[in-house]
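Should a chain be cited, it is by its letter among A, B, C and D, assigned in written order, with residues numbered from 1 in that chain.
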Amino acid sequence: MSETTTVEAFGDGFISALCPELMLFAGLLLLIIVPNLGRGTFRIRGTQIRVPWLLGGSRFKITSDPRLPAWIASITLGSAFLNVVYIFSQGLERVVIVSESGKELLLVNGFSRVFEMIFFGALALAAFSSMNRLQVKGIGAHVSEHELYNNRRQADFYILMVTCALGMSVVALAQDLFVLFIGLELASFSTYVLVAFLKESKVGVESGMKYFIVGSVASGVGLYGLSMLYLWAGSLQFSVLSVAFAESGTTALPLIGIGFVLVGFGFKVSAAPFHFAAPDAYAGAISPVAGVLATASKAMGMLGLVRMLLIVAAPESSDGSAVWLACLGAMAAITMTWGNLAALGSDNPKRMLAYSSVAHAGYMLAALTAVGAWNWDAAVSGDAGAAAVAVMTALLFHLVVLVAFKLGAFLVLSILESEGGASRLSSLGGLAKREPLLAVAMFIFMISLAGVPPMAGFLSKLLVIMGIVRIAVGDMGAEIADGGVFVLADMHWVWWLAFLMVINSAISVFYYLRVVVVMFFDEPEEGREGPLPSGWQVRLAILACVLTTVFVGIAGDALIRICEMAAQSLNYGW
Amino acid sequence: MASKESAPLVHSEWMQFAPLIILLPMMAFAVILFLGHIFNGHPFWKKNLKEGGLIALPVMAASLVLSLLLISEFLKGNSGVDQIFEQIAWVNTGVWNGGSMIEPVSLGFGIYVDHITVMLLFVASFLCLLINTFSIGYMNTDPINDNRNHRFYAEFVLFCSGMLGMVLADSFLWLFIFWEIMGLCSYLLIGFYYERPSAASAAKKAFLTTRIGDVFLMIGLVMLWDLFGSLDYAVVFATENIDAVAAESAGTLQWALGLMFIGAVGKSAQFPLHVWLPDAMEGPTPVSALIHAATMVNAGLYLVARMFPFFGAESLHGDLDDLAFVIASIGGITAVMAAAIAFVQMDLKKVLAYSTMSQLAYIFTGLGCAMYLANTLDWHHNDKDHYIVIVAFGAALFHLFNHAMAKGMLFMASGSVIHEVHHAHHHLHHHDDHHDDHGDDHHDDHDDHHDDHFDAQSMENMGGLASKMPITATAMLVGSASIMGLPLIGGFWSKEGIIANAWRVAQNDPRFLLPAMCVLIGAAMTGFYMSRMWFKTFAGKPNNEVAAHVGPTNTWIKTPLFILTFVTLSSIIFAGMGFTHWASDTEYSFLSERNLLDGIIYEMDHAFANSDIFFFILTYIAIFMGAIVGPGLAMALYGGKLAEGEEAKPWMRPIIALSAWFNDRFHFDNTALRESTLATALENRLYIDEYYDKAMINIVAGFSNKVAETDAEVIDGTIKAIESGSQSLSTIVRSMTTGSARDYILMVAVGTLALFLLIWGVA
Amino acid sequence: MQDWISMPLVGFPLVASIVLLAFVSNADDAMRKRLSNPIRMATLIFSLVMLVITTGLFFQYFGSLSWEGISFNSYNYINRYNWIESLGIHWTVGLDALSFPMVWLTTFLLPVTIIATWNEKNGALYFPIVLAMGGALIGVFVALDLFMFYVFWELTLIPMFFLILKWGGKDRKYASQKFFIYTFTASVIMLLGLITLYFFQDPVNPLQYSGSVTGRTFDIGEITQHALNENGKGWYLGANIQKILFVMLMLGFLVKLPAVPFHTWLPDAHVQAPTGGSMLLAGVMLKMGAYGMFRLPISLFPHALQYFQLVLMAIGMVSLVWGAVVCLGQTNLKKMVAYSSVSHMGVILIGIATMQPMGWAAALFMMFAHGIISPMLFAVCGAFKHHYHSMEIGAMRGMAKHSPWLATSMMFAWMASLGLPLLAGFVAELMMLIALWYFLAAEGWSVFWMVGPALVLAITAGYYLWSMQRTIFEGGDETQPPESLHGEPVPDITNPEKLAMIILAVFTIVFGVMPWIALDMMHDWTAEIFKGLILPILGGFNGGA
Amino acid sequence: MIDPALVSGLSALMFVIGLGGAFTRKNAIIVLMCIELMLNAANMQFAAAAVHHGDTTGWVYTLFAIAIAASEVAIGLAIFLAVYGQHETISLDDVDVLKN
């Protein structure tokens, strides 16, 4: 692990450290300006000389292209993504951006880079694939430029995407809880609008409203929690808070503060019982946006939880118990079971995916619980944090690959949606006949979500279970070797989370398979026999998702190593 | 790894071909099936090869020749026991008996020849050849068999292979394996006319009933295995091994042998597993002759006879007498029961089937008694006892031999009758078709021209055939006489021995009075039903038009009848040669005691002028019952002159005349008897089949339906309940997402409160 | 040493099928029709090449490694690459006398299945999926890495799921899902067991593998070696953990086997599956359960095996009897055959529970023999369904007249399945009975316990004969062909079907008459595992081993 | 100078009122106001804490929070307007096309 470099804002190394964010910023500017470029002129007052200044007027053909904003956003997000990947290939640094007063504001390290990768990757895919998605009528088998919204409306959409990415990357980088919160709000506000973007449809606005209003309440609670923490510690710097917690973290005020903040992030990861708006939001939003909610937005919430629970309120007692552990464990158990049970009977594929995303949140919370349950006394656990790193690796890995197959599934639905809705399972009917490769792709996403090998979803679930079991088993092996006798109850209770997870995986197969059965077995709905709406962009995006899902599933070593590196960089102490 | 090479350890060059006795027919099976499939319907195949019959014939002849060579080698060498081949290590595995070693275990195949083998080998291969000959005459002339005879011959030779293999095998395991192959062939052959529901059901019944016996046989074998660690005769019969077992687990051995005996009961159609045999007559007649009279049913006897060394073992003295009693009693009960049922049968083949059952029961009784003697007498050291045991065992085996020959002949003869009756009917029927106005009024009962309605096997449709089918009638006469035990003919020699031994045992052990009485009464009953059959078929006037038109039979059929008549008549010669001695003990050999003439005289003397007054009287009682009471009654009821102008051969004339005289003098009205409850019960086979059917339907089918229901409703129902339960749970869970944002906020608030309270509580 | 040889056995069919599927996936219907013949030929040739390879392995053509006397936990043709190094996952394949017969069986059944279902509709997709199925199955058997094992274990579900879903009967939708979910549920529980085992694997040196995040390995050989060392001293991992892990692993395998009461997925899957699917499902897939038992719980947890011996025996007995009795109550031909599989799998379980080398050899041989016989059973059922459009017993009578080939095949298969001597199934049943008796004698139990399993032989005969009576026999009247035919002429089976039947029948006879071909290596293996694993525990540890 | 503890208490009260109002009121606008109440409760707490700790950062937090609240209102009202356009009501209970 490299040494920490301290960089002041706009000081040396600032640009290289924050290169992806700056690219986003540049892209944002372009998105605002470029679609407005035209033959607009500026008449010098009092003269007849018209100086062309390009803003306004009748726009150029290229700048009036409704797909232009999408291209700009995709290129922006994509290059930011590639930049992050490039940084990974170059080796990671640990750069702290400090304020003039020396307070740590942003921290660039492997951990934040992985999350940037997730955010940019997901948003880039979503942006690229919604290039043909924003249609006036919402329906139409043959997408022509006339049926798309004009490029100003398009620009709004993509601007929001980029701001969303910016907000998320702030969350990833923040070293101050309040900075994190601001990033979170930036991203949230963008997503609220993105969800409600199709204001011409009943469900669109309704989902937007619900998501907004519930999200606002949650973030209100979260902000109040922040204020309590601030009241307690006098600062919201992670470094300060963690020290404070280490000293006197068991009093009510900070813990309740933590609990309230948990509500704010809980909404983002759609943990029960804060998940209720999520299915409605996913169902009402257009599919790429729903995909972003299920992946990037969820990763953002997880990131917040990790930062808050593991850095700020790290369990310090030697038996590895933290006050929030039981809460989180219970939440994880309820969340995964609730999500799966609800998905079981859902006839709306988007809602089904939403509930499945709730279930996945449960799995991730279980992993997080396991990290908390790790025996932090190195003398006892004896593995210098390796177990905790393993679980964190699993969590990160899961978040990364989730982008591939969850977003991919939403993108497949997006194609059907632009044909006239994907709110019934039967709308997937006969997909295998209509476009076999798309059906195969959906099949791969489904079994990957279910955790069937050899897909990435299996590997991620395996890693999570392995992580949890490892924590649960702890050093029992060594004690068995010394002649100790153990029963099942001697294992840490998080083992039962792994068990519940396994059972839930089994339940989940049911509804994932139902999708497959409908695609491969049922006939197409009436009026949907013909070919699907064209659009190579979304198909390319799906292809990328499929390849990632399969490739990572078969050869996930590199990604595991990246995640491992990131997990290690989360905390030097590990 | 054990050697898989088979190295011959032969004494002569002929012996190494012994496996061919089994393999030739087995290969012929494949060849006939294959060629038959290809050339089916081809004129050359049909005419010149008799649809495979003429492929089977030389093969069976070769088997017979090889068998005879083997037998002569055996007799020449006078070797007691001979394992011709080193075993082929068929199954190699190991068992663990505690301790730190795995004991290797090998189930191998080899050939084992001793006196019992030799006797049965001859019976089997000889009869197989004869019946093959007969089949060509019988099967190939019936149009109903056209284009499917290759199936018959293929299954036939496979059956022969199984029978010969069973006899030659060197272990109980391989005995069982070939035994099962015979079972399969029996199944296939009974179901030869697969389109008849009755045949299908009979085939199933035969296989299933014997299978039930086989199950116990298998358990018995497994137990035997556990006792000896092997099933090879060489190991199992080794005195030191028997001694070792006897010392520890004689009781277990008795159980094992008892379970094996159940297998024999099934195969040899003894009570209570006898139900399949009468139904098995659904098969073509050669099948009935071969399988269900001459050879396969002998398998059970062979198995029991194979157990003799246990009973005879010194160290097991007195340990196995209960089992011997069971064997003898089952035999006794079956003998009487089957004979009684045979009284009322109208179907020619069914009479023979019950007769088979009854005679096999005799042999079982004989074996049981011999085994009791061997087990209780000090025969290893006392010469007199030794003689008694040997003769008792020999008598049973001799009866096996006699019965096989006679019954094979009887079935063939009955087949010949049926064949000709059928032909005659067919001829008439054909005739009638073209001249509708002619002849209909002559046989009103049979004016329905469907074959189904004419039963060619029913004795009601026969009568007075003695003059029309002289050879057949003669053969039938001799065969019946042999079965009845008429003095000097065939079965007499052995049957007397069995009866005498049963009473000898009964003298020692009063329990044995049951089988002893049974066999004695059975003798009279045999006399009655066999005579009844003969007189109803051959004496008197033809019962209808069809019987009047029956003609003589063809050469293929006559030849075996002729040969077998000769063999049966010459039974005294076998007896004189000391059959009963050398067939039952290794110490005696062919003609070792005395020369042929002396032997015959000795046997005569022994039979008719026994020095022991008890047996002297017993002999005459038996003769009286078997040769006078039974036949006398039969003649009184069913005897009669032939039709006008018909004349039987001179040697049958007096008998027919005698029967006519009896009929005139002693005829009585037996209607009341025929309509009695007992007769009805007998006609319904004592309702045993019905009980079994009821048990099958009510208990087995009912139980299995219940279980299947449970499987679908409880076990699978649980799975389905889990599924539907989770679906309804899902509905509940989803209904909590009401759609109102207010409720969502409420849930957030509730969650917040819960966290608040939880943390407050903890902190 | 041609160590690489086991690699293409897995890789070849999987890659080939994926290539072929990708090739046809976007073709239109007409194109698919045209492609179906070349693809059929291609898959047939692929599978034959595989058969040649495995047969060559048997004859020791490659590297001349003997299959006899392979000691416990040593393997031929081991081939090892790093796969997911960070988790200690390797691509490790190898063969021993336990897995090799199964691999050969799979490669044998692949061409036979292809031939037997030569005219399956939509062949351009069907045959590659069958091929993929074969690859996945072989993968399960050759895998010597827990992760690989599990991956292939689940991978087999996917082609089978599609075979049922796309080519199945009327209720295929329900059946395919039930099949998938049921077995998946069991195997994820097994997975949890595997992972828990993974972390316990070597209590003495828990962090041996520096290459992996966890410091542990998935290598079955290594884990087995640890277990072997520890079991000699006492319960490996301690009594409680060993029992728990044993139960968790066993659960997955028992469902796959399947044993009563976890068997209800099987009849549904079989009845709905197409012929090819059923053949592979019954022929090889069920054996995965038994194979897994030997490979993992038995090899690793002999103490627990002994502890649960009676439970396994009870489950085996119940399966055996229950399956047979349910068969008696079936009217659906295929369902009957499916339940007979349950019954026969009970034989395997009993063989295992006897804890006798002979019983285990019987189980291994039963796996093999049933793997040849049951495909024939299902091929017959498939032909029956195909020709008479009904699966009901009694829908078609007098087959012997109308379709002599089918009738003959049916009778042969039925006879083989009911354990007729000199056909493959008999040897296993006989050995099982003998081993069972040894078990009973050792436990001092009465002979009555033998009656149940032995009577099943009679019950088996009962239902098979009953069904034959109503199909092959009777109904000779030509005016009475089955109603489901709607007056069409009654066909006999096609030539490819005949060929497949003949092949299966010949091998049933070959392995029935000459069981030693396969049995010797199985026996050697069971003897070795006994010497190496069981005797040190049960027979008093005699220092060595 | 007011005791920061009192301000804290007041803010807690505001928070509870805001949260309680959020799930008891149907009208979206009122709910939005309740949310504002919650945010303002946090703001007051920040301010109080800033005073308590003598730390100016707290004031900055407050300012930012006010900005957040403002944009939230903007977004909220815009969405409500759109909802009204489609559903002709902004009663939270009546906008329930999406459920289960």
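Everything below uses one rule, namely that a contact is a pair of C-beta atoms (placed from the backbone, for glycine too) under 8 Å apart; a residue touches a chain by one contact, two chains touch by 3 or more.
Everything numeric in this text was worked out from a predicted model, so none of it was measured.
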**Request:** Find the most central chain, measuring centrality by the gap between its CA centroid and the centroid of all protein CA atoms shown.
**Result:** C
**Reference chain D; chain at largest CA-centroid distance** = B
**Asked** Roughly how many whole angstrom separate the Cα centroids of chain A and chain C?
**Response** 43
**Asked** Roughly how far is chain A from chain D, going centre to centre by Cα mean, in whole Å?
**Response** 26
**Message:** Using Cα averages as centroids, what's the distance between chain B and chain D in whole Å?
**Reply:** 98
**Request:** Could you tell me the distance, in whole angstrom, between the mean C-alpha positions of chain C and chain D?
**Result:** 64
**Fill in**
Touching two or more other chains in chain C are residues none
**Request:** Would you please write down the residue numbers of chain D that are in contact with two or more other chains?
**Result:** 19, 22-23, 28, 31, 92, 95-100
**Request:** Can you tell me which residues of chain B touch two or more of the remaining chains?
**Result:** 734, 737, 739, 741, 743, 745, 748-749, 752
**Chains grouped in pairs wherever the two touch, ordered by label** = A-B, A-C, A-D, B-C, B-D
**Prompt:** What residues of chain B sit close enough to touch chain D in their complex?
**Reply:** 734-735, 737-743, 745-746, 748-749, 752
**chain A partner contacts - residues on chain B that touch it in the complex** = 723, 726-727, 729-731, 733-734, 736-737, 739, 741, 743-745, 747-752, 755-756, 758-760, 762-763
**Prompt:** What does chain D use to touch chain B in their complex?
**Reply:** 19-20, 22-26, 28, 31, 92-93, 95-100
**Message:** Looking at the complex, which residues from chain C come into contact with chain A?
**Reply:** 25-26, 83-87, 147, 150-152, 154-155, 157-158, 161-162, 165-166, 172-173, 176-177, 180-181, 184-185, 188-189, 191-192, 195-196, 198-204, 206-207, 213-215, 237-241, 244
**Request:** Provide the residue numbers of chain D that touch chain A in the complex, in ascending order.
**Result:** 8, 11, 15, 18-19, 22-23, 28, 31-32, 35, 38-39, 41-43, 45-46, 48-49, 52-53, 55, 57-58, 61, 64-65, 68, 71-72, 75-76, 78-80, 82-83, 85-87, 90, 92, 95-100
